[in-house]
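Shared between the two complexes below is subunit A, which pairs with subunit B and subunit C, respectively.
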Partner chain A sequence: MLNITKMNELGCNTAEGLKRCLNQETFYLNLVQMGLKDENFAKLEEAIKNNDLDKSFEIAHGLKGSIGNLAITPLYNAICEITEELRAKKAIDYSPLLEKVKENRDKFLAEL
Partner chain B sequence: MEENKKGGTRILAILGVIVVLIILFFGTFWNSKTANRDTEKAVKSVSLLYLEELAGRRVQVVSSSLNYYLEKMQIAIKLLDEDDLKSIENLQVYQSRMKKLYGLEKFAFVDNDGLIYTSLGILRGIDQYPFDYKTLKSPKIRVKDVHKEDKKVIIAVPLEDNLVLADKELKVGFIEITMNNLLNMISLQTDNNSTTFCNIYTRNGIALTNMILGGLAQEDNLLGAMKTANYDLGFSYDCFSKSFSNGEEGVVSFTYNNIKETLYYEPIQNTDWTLTYLIRENVINDKISSISDNILTRSLIQSIVAVLILVSMFIVFSTQNKKAAKIAFEKEKADAENRVKQEELEQRLVLQEKLLEQERQKTEADYMVNALSSDYRSVYYVNLEKNEAICYRRNKKLTDKIVEGDHFSYLTKFTEYANLYVVESYREEFLEFIKPENIRKNLMKEPVIFYRYLTSHNGKEAYEMIKMANVSHSETKNNQVIQSIGVGFSDIDAEMRDSLMKNQALSDALKLAEEASKAKTTFLSNMSHEIRTPMNTIIGLDSIALQDSTISEKTREYLGKIGGSAQHLLSLINDILDMSRIESGRMIIRNEEFLFSKLIEQINTIVSSQCNEKGLEYDCQLEGNIDNYYIGDNIKLRQILINILGNAVKFTPKGGKVSFFVSKTANFDKKSTFKFVIKDTGIGMSKEYLPKLFDAFSQEDSKSTNKYGSSGLGMAITKNIVKMMNGNIDVESEKGVGTTFSVTITLIDSDKKLTDEETGEIRLQDINVLLVDDDPVACEHGKLVLEKAGIKSENAFSGKEAIEKVKIRHARRDPFNLIIIDWKMPEMDGVETTRQIRSIIGNESAIIVLTAYNWDDILDEATKAGVDSFITKPLFASNLLDEFKMAIKKKNISTQTAKKADLKGKRILLAEDMKINAEIMIMILKMREMEVEHAENGKIAVEMFESHESGYYDAILMDMRMPEMDGLEATGKIRNMGHEDSKTIPIIALTANAFDEDVQRSLQGGLNAHLSKPVEPESVYSTLESLIASSK
Partner chain C sequence: MDNLINPNIKRLVLIVDDEFVNREMLGFIIKRDYNVIFAKNGQEALEQIKKHKNLLSIVLLDLMMPIMDGFKVLQELKKDEELSRIPVIVLTSEKDAEIESLKLGAVDFINKPYDMPEVILARVRRSIDLSESYTMIENISRDELTGLLTKEFFFQYCERLDKYYSEKKMDAIVFTISHLDLIIEINGRSYGTEILKKIANAIKGLLIKTVGTACRHSDTFYLYIEHKNDKQELLNNFMDELNSLFDNSRSRLICGITQNVDKKIDVSKRFEKAMMACSSLYNNFSDSIGFYDAGFNQKEMFVENLVSDVKTSFENNSFIVYYQPKYDISGSRPRLSSAEALIRWNHPRFGMVTPRSFIPLLEENGLVSGLDYFVWNEVASQIRRWRDQYNIIIPVSVNISRIDIYKPDFENNFLKLINTNGLKPSDLMLEFNESAYTGNAEQIVKVIESLRSKGFFIEIDNFGSGYSSFNMLSDLPKDALKLDIELIRNIAKDEKNLRKVELLMKVVDYLNVPVVAEGVETEEQCQLLKKLKCNIIQGFYFSKPLPPEEFKLLIEKELKSRENERE
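Right after this comes the complex of A and B.
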């Protein structure tokens, strides 16, 4: 079960995340779970596959916001990387960046 | 026989009666003649006494008049100084002045060549004057033109040797007085019944006045006329003429033109004049003769009656013894009657003496009135009770018919006078002045009252003065009500015009001086401000240049020296500005709460570092129960103390000591008095210099200015500020030993207690500063200064740019703490920029205007526009922080009263596509008991807003990036919907990493604020609180 200690171990700034959730741990952990299971991760993967950069950016940007809000730092950093590239609409291969996001997300999903 | 006897007895009786009758008649005649002679003798001796007395008094009066002139002249000569002798013109001015001052007709000098210097020019003809200027050794009084009608009295005085005028030595000074004027003062007129006569003659018998002496006309020579007189026994012409010519005193009785007269003569001291007094004896004799005749007639009648009675007695009782007894009785009776007559005569003599006394008093009074009234044109005696005035002296110019001696109604005539001659602007006050009740009131306060006014005689204006004094008799003076007054009118035109002219000249001079002083202050102030602008660039560029790491050591040294000199120059300019502010009364003493220990700490930091640098010992001691907070002007107080301590450091050589003692000496009425003593072991000052210490631009050794570097204004400013703070500053000093300054200042006690919060410094790293200046150098320098102090700052190069930056910061809810704006900027100046900024951010940030100029003139306007404070260019971090703290303190007070809405129960529309974000936001909003309705994208949000009535939602939280419809578009649609609140409802943007351009775009799109994700709950609350409050 993912808890605060575990999250901290995995490099999250839970103090910040908790503060944003008015220090309500259960609420926070619920939101973390919800965030990790967000369907937008699948949508992002699909949009990149379709090379729809605009849509990809929009989704990545949204995810960046919510994961950032929850202060799931390692995952947030990975999303930030891909978001910035997408914002610049760089014609690159996004698979490694997407993979990085997936890797980090899976780390947390494994703890659920 | 019987018949014969009877006839013999009758004859005997008749003979007896005849004998008795003869004896009776002769007896009566003899008796009355004897009485007559005795009376005559007595009258004569009394008359002589009277003459002697009268003549003696008049001689005294003439002598004293002459002495009076002589004294005046001697005083006038003593007043002659070197300047007066520089030129003939100066001498003439002096003579005119003396003439006017002492009322002299002619006042002249004679030089060794016999030239006469008068106030009107130089004259020849000294030989016409009756004194020898070459040999004159003592003052002489002589008569000039003795044979002419218009005789002159000359009083000549020898002068000291050293009076030299244009190479000529002045030998003699003299004055000339018209004889008649002189004698007018003396009142020689004789009595009315032509019994006594008075005149003055020269030794050779020439009359000096135009009066007659008994039977003598003015033109008769006394000695000549007296030749023809018949002298009484014991007197002769030879004796008289000899005695008179020798200037002796004497008396002579004679008959002239069949009139018996007695002349008394007495010489007048210091002159060759003799005063004569003549009395006509015949008048007295006539009276005495008639008395004698009466006695004789009555005696005769009595005798006849006695004889008749005797005869009838004889006839009836007929005894010779009885007849004899009867005659003796009658004789006794006649003697008794004679005695009664004698007594009557004695009474008359007493009466005569009384008359003499009255005459003497009258003469004295006349003399007094004449002497005292000489300054007045008109003199009146006014009885206020009776409203009656008596004229004693009359201004000839007046047209009313009053003459000297007239009695008239006071108020009527005086009012008439006012209406005729007093000009309108003075008339009312004049009429007020002459009202009896006002006179009484004023004379109770002052012994003499007067009023100056302007008159107009035939269109010619002149100043006159009316003067009044109480002349009630001493016994009535104690009576509170004043009954009679003396009134004098005098001409004061010349003095008045002179004084008016002087006043005008003085006021002109004062105005000129004031203008000059004002011009000086303005010039200094303007110059100093103008100099400060380029100084700002010099200091700015110097410090920027010093930042350059590539410069050589030499250049660094030069730059260091430039910086030092520029700082010094700046301090001089600041001193001058302070001084001009003090002089123009623009310096203001603030009354603000401050931390006392902080003040002392700041002073110690500065002074101890200065002492360290110079190798001096520094010691600071505090005494007494000193509170933490006091109310006063701590910045000015610091200036005073730093100034004195700075001087102490400056003037104390290496190895010396500077001590600073602070003590609370008194506590009263919620105020505390502090004594600050600053003591040094420096070079000290001389006692002579100490009084000048606080004068502007004073320095004991002017050569030391360069050595110690100062404007000479420091102490003057210090003293002035101490004075403005109602304090006191003292100094004691001894040359070579040291100086001790004591400053006493009273501060208001504060109830405020020390809290932890206040002891903490402002965290410099937390301050955001916006520096607005059109000059890039100034901006760069400012940034550098702030950076050194650890303060983050942004620059804006115009007012417009500043406003944009402030708008964005405001929307981001991350305002600048401090905005520093240059005053003088093209297009939009600092004050206008402030006004516009304030219209956006309200009271949010502290705004300080930075200027090289004097801000006194714009102070009001700037404060109204929202400027919190001012600081001078160039920027120093310490000054800036002081002002900033002050502004923040003021803000704290004002923000407490700022409007805030209560968030409880407010309905918020949240447009957010990301579920997690929405969850968090809903949680946050619900914590403050707000209702939240969630829209998953912009389109839904627009529909939800549209489907509810106006006022349903209190605010909208709008995510910017959403599928279907983004936040910007949704905001645009809501704003244009036409709902009552669609224009006013607060819409707050929620974004991640928004750039300034994005913020700007969303502001233009109608959003009210821009919160950055991840959003802090507190900033959501405060934004909603203030926006909802201001939208309602």
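Right after this comes the complex of A and C.
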């Protein structure tokens, strides 16, 4: 079960995240769960596979916002990295960056 | 302003974000102090905003969203005057987007990831407070009908313009509609409103690409605008265009200007001067633009002197009642039938002052009732003196000012005069101006009806000047109608005026009352009127107004003629 201690161990800044939820732990953890299960992760993978850079950026940018708000720091950092490359529309292989996002997300999903 | 806004009302906030987590998190913070509704994209947001536009206090708007993004929402809101008043705070993590959204009308932004909840709540509260205060000031500083400023804010705003543009020469201009009440009476209130709106829009047009501001106060518009040398022509065209809106010859737009104002004097004083130039045009039908110049200073002095001399002039007998005879021309010779009392002022310093220059002043200064009463009193005594001396009754018409009618002792005054002098009510002919009926017609008709039932002779003056509709006229209590002097003046010159008089005489025939023509100066006019069966004639053709000692010669002549007829 993912809890505050576990999140902190995984490098999250839960103090920030909790503050944004007026220190309501249950509400916060609930949102964290929703954030991690966001279907946009799948949509991002799909868009990158289709080489649709605009759409990929839009989705990554959205995820950056919500994961950032939840203060899931390691996952947030990985999303930031891919978002910035997509913003610049760089013609690179996005698989390693996407993999990094997936790895970080999986770490948390494993705890749910 | 805080005290004026009830803090207990929970205001409504719309949160627009495509990310569920963000919506929920922000909603959770905002719900503490506000009622919250949500939208997942720009399109949904616009629907919600339109649906709740009267209740919505603020919109918290994400920028990057599917279907319709936040920028498009801002653009759409900006297009709509009503919706653009709802404040929007943008939710963003992008610095560039902040500038863009502020340009599009956003009032503030909240950074993602979110700041501390207290900071978010404070920013939301501040934006709502500012927007509510602004709306409130907008509402009270704007004239709802025209969108121009209200007079109170206008003067403040002029002062501000003086501060910002201290080097600029400015003009103070006043526009006013003479007899707006008449337009409303004849064409209805909504027509009057339309005219006010059209004038306001035209004034807004004058303000494009120049320094200035304008307001409306009742039927008057004030314009404070940068002085330009070629303004005269612009203003001429402006006035011509607007004056084509008025189809009634007695109502029109007139304007007074103080050019290159002296900024050392009060703003309100600058407009008083412009108003003075404007008022001088009330009875001048050839000009519609008046300039305040040095001549007005002298006029102001003249006015002040006249007004302050009224009281002593009563005491010194400087006011003299003159009498102009009215002749009945229906028979083989003109017969002296009655007279009209006309006031003259033999001012100790200015000499003979015409009523045209002092009556409006007395009206403006609330002194006209005293003068009217003086005339009525003099006339009643004079009728009695002639009766005693010649055993003849010469009924005399006296003018009634509109303000007199509202005095509670109006009717009693006449009854007292009749009793004191041992006269019959029909010896006094009471002349009411046609325009007197255009105000509170019901009350006025009641007062006049009552006088008429007691036997007083009621004359309607200035008949045909365009104030009354046929319907109004047929309802008025009356014993005689007096044709408007302007019509008589042109009757022999101009076919159109002759036709107009002919038409009026047909109306009169239907109403079955005698008609008096005043201002008759020539034989030709007299004969034309006789043909039209207008049989009571007053004017220089027979005699100018005379003081009582000269008028008595006309009585003596009349008596002699009657004696000859009997023989």
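Going forward, the second predicted complex is superposed on the first by the 112 of 112 C-alpha atoms of A that agree within 3 Å, B and C clash if a C-alpha of one lies under 4 Å from a C-alpha of the other, contacts with A are read in each partner's own complex, and residues count from 1 in each chain.
Everything below uses one rule, namely that contacts are C-beta pairs under 8 Å (C-beta built on N, C-alpha and C of every residue); 3 or more make two chains touch, one makes a residue touch a chain.
Please read all numbers here as calculations on a predicted model, not as lab measurements.
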First (subunit B), second (subunit C), both or neither touched by A:I72: neither
Partner chain in contact with A:G62 - subunit B first, subunit C second, else both or neither: both
Contacts of A:L53 with subunit B and subunit C, given as first, second, both or neither: neither
Which of subunit B and subunit C A:D38 touches, first, second, both or neither: both
Which superposed partner A:L86 touches (first subunit B, second subunit C, both, neither): neither
Set intersection of subunit A contacts, subunit C complex versus subunit B complex: 16, 19-22, 24, 27, 31, 34-35, 38, 58, 61-71
Partner subunit B, residues of subunit A touching it in the complex: 16, 19-22, 24, 27, 31, 34-35, 38, 40, 58, 61-71
Parts of subunit A lying in touch with subunit C, wherever the complex brings them together: 16, 19-22, 24, 27, 31, 34-35, 38, 58, 61-71
Subunit A partner contacts - residues on subunit B that touch it in the complex: 913-917, 919-920, 923-924, 927, 961, 963, 992, 1013-1017
Subunit A-touching residues of subunit C, taken from the complex the two chains share: 18-22, 24-25, 28-29, 32, 62, 64, 66, 93, 112-114, 116-117
